[in-house]
């Protein structure tokens, strides 16, 4: 077993993310009910179901094509805030990897960083605004740090997942400044951000997928 | 104490009826909620309050004028089915008594019969249709019978009140053929008619009033 | 009870102030609680007076204006107005050609309008009456109060209003009213009860998974209660009894899908799609339609369907200009 | 959950069928979920595209037609439509003079319309954008998502629609849009939460004696919660923040008292009376008004108030003929 991420593992990542999103659909919607508009679960489930329909029919593509398609599918099937954001994330990820059929840990980290930059450019949120960015930034940074210190693929993705989870927890105490939760002002404090929650699933799914052959 | 009904007792009758209606406003509305449109209590309370405002300012009138005014006030302040019906009842009562300032038992019975005839002509309901008529007919008949047999004023009005109460109870098992309850068909069975209930108060109030000096 | 009101006893008084202030088509006689056209109809034309309990808005006050009613009497909540109000309205709008009373068939409304017509006749005003009775949920019989007047009232006020505006005489206007009455049927259902402000709580309790079929417009319970079905199933339960009662096959019709007050428009559009599919199947051709809240039952959720046979005369009158708060086109 | 629907997942598809069947002003591109004018605008005029999450009906689809929008994109319930939909709408309606995107200020709507505008620009269509942001319940700040777009959207679509219909060029149409945006403010409140079909239960719980002040149009909770007050008190809580935010004294205004979907019209009229009394007091003159359900939040009970400064230009455009399912006059 090499320490690269195979095409199969990346497909598994999308499947695992779809599974987590679908399993937690009501939970995500519940979180969005408290400080948003009660649709984040439905949005993500609709989007990932579309992506997976396409991925299954599409096993022959390289990594770049796969993720660009996934991103475009999210953009065209989700709507709302999460559609353009997750869509941009995957599209930029795919642009970064290019036509590769597997990724080195460094390529993986670079692609995730590209996705994150896309999200920041599109949504203009900053750390601490109580959005998915608060899970995504620490996750990418943790992975970069781990690989920089020579850690294994498994360790780097696990660190990213753990950092995303902590970032998600940290949104609870934040006062929202972006997205629908910002309309609530002080009342947004004490609630966990739905988008940060789905982002934590994204990194949890990645860690789980590279653990598999 | 003569066995005639004094003007004061007739005024007391209206007051007593108003009191009973007001005390049982929610109950009448509740009955009307089950098989009608939830307003009989409000209708009767509004009407009798208007009548009593006028009666108080009007102590100088004779019986005929008093009851015609009371009837016209009900007509112009209640609306719905009960406004024209109770209004007609009192107007015909007043027409029957004429300018008298007290009524013999026979005059009282005749005036009530005139009121009842007015209700029947206006509403075209028959006995058994599940309306106020089912309390009013037995009440008037019981009084006529009592006075025909030489009973006292108190006994005659008490017999009328008792007959009205029984008539009211009998409406429970009836299938409505008039008024809003008729729209319910079979579902009207098992519910007491609100109008028959207020009519029972009308005769109860009469019996209570002639009992007083 | 959750309502945008001040005192329970002031709801109608307060609402009439808002209507007068917002609706340029009307003025309000607050004393008599009558909503009148701001600009009276020309002399020599038949005038139309309607009215009924409040709580059905926009009916009737929202239909006062050019091409529809001349006056509407606002009763207490769900309670027929009184003969005085009707009499004041009738005298105010009579333009010398007589007045048509448009009465929904409820015992109270019928009796009160009857008394008003008697007084008006005494005063020399020519009054005719049409009693709308279109609700197929109610079994029709000589021995009962008969069918309720519901959704058809809206279509009748529009169509007969156009006939009066054209200058037809009282007999001709009555003839149009009778024709509408004969060709129109309705059926309604509720997902929730409404709450009458004075009662302070829902008129009936309806479990979370049940609906009432065959309701009227006064928050009265319906003919029966059952588990909530799909929109498709509900449409069938409303359309079938109508088609069973009157043969519409091969006819052009005007269809109204009406909300009871608290049903979102998206659901009414959805229902319209289902109703249309059923009518297509039955060979009934929709010539015109209305979808929205036109005759309501306070905050009741639910809907009703009304069908009206529409020949060229009816369609011509339907398409004639109308300018009221509740219906407006051509002007 | 009590709704007139078939499957939860089919609500929008089914409703679009009903809209297409009932509204003679529109045709529907079901593939892209775009509601388009049945008769396209003449070549050489600016076209208007709007859209947003579904559940706000009649907004936006009910405002497609002569004098208002050229196309409306229907998103999922309360969820911005996608760039593809907007792109399809933009291409379909471009009549050579450019397209204005009317976007309510929500992160999702703004981002999706941004992406659509980028694609359209690549394809050589001239696209301008106006972002409506009128909700004074939200503190405005450079560091946040800014104010929500709510009631003003209705007035803006009417007024800007008239400007486009007149044949003004894209810059001039944008100028009108900006003027409306600058002169308009809104504030809303809820008596009950709404229920998103896919969620199956109310978005928030609100005790029987409490209300939310400062809500938007997506069933989101408001700025704060308090005991239900009288209509008079509620009107004050809606009007005061608006007057505090922008100086309307001495101005002519267009006022909208808008229902959130489940509020009976009689209550909206009553609220209008209270709002008018407050504006009278504040020296604000109402030149035109709208009272009804124009921008809704599914089955939420409650209302919002919108004020817009109206000079002669704005009033002229307001009074211009319009023929849509949701607003109609002069035609």
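Which chain is which? They are A, B, C and D, in the order written, and residues in each are numbered from 1.
By our rule, contacts are C-beta pairs under 8 Å (C-beta built on N, C-alpha and C of every residue); 3 or more make two chains touch, one makes a residue touch a chain.
Each chain and its UniProt protein: A, B = Dihydroxyacetone kinase subunit L; C, D = phosphoenolpyruvate--glycerone phosphotransferase.
Note that this is a predicted model, so its numbers are computed, not measured.
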Shared interface partners, meaning chains that touch chain A and chain D: none
Where chain A and chain C are represented by their mean Cα positions, the distance between them in whole Å: 55
Centre-to-centre distance between chain D and chain C (centres being mean Cα positions), rounded to whole Å: 29
Length of the line joining the C-alpha centres of chain B and chain C, rounded to whole Å: 32
Chain B residues counted as touching two or more neighbouring chains: none
Junction residues of chain D, two or more chains touched: none
Overall pattern in which the protein chains touch one another (line/ring/star/complete/other): line
Contacting chain pairs - touch in the sense defined above: A-D, B-C, C-D
Chain D - residues contacting chain A, complex: 53, 75-84, 106-108, 111-112, 114-115, 135, 137-139, 141, 143-145, 148, 196, 198-199, 203-204, 216, 218-221, 223-224
In the complex with chain C, residue positions of chain B that touch it: 29, 33-39, 42-43, 46, 75-85, 122-123, 177-180, 182-185, 187
Complex contact set, residues of chain D against chain C: 2-7, 11, 14-15, 17-19, 21-22, 54-55, 57-58, 62, 191-192, 208, 211, 228, 230-232, 234, 257, 261-274, 276, 289, 291, 293, 296, 298-299, 301-303, 325, 328-331
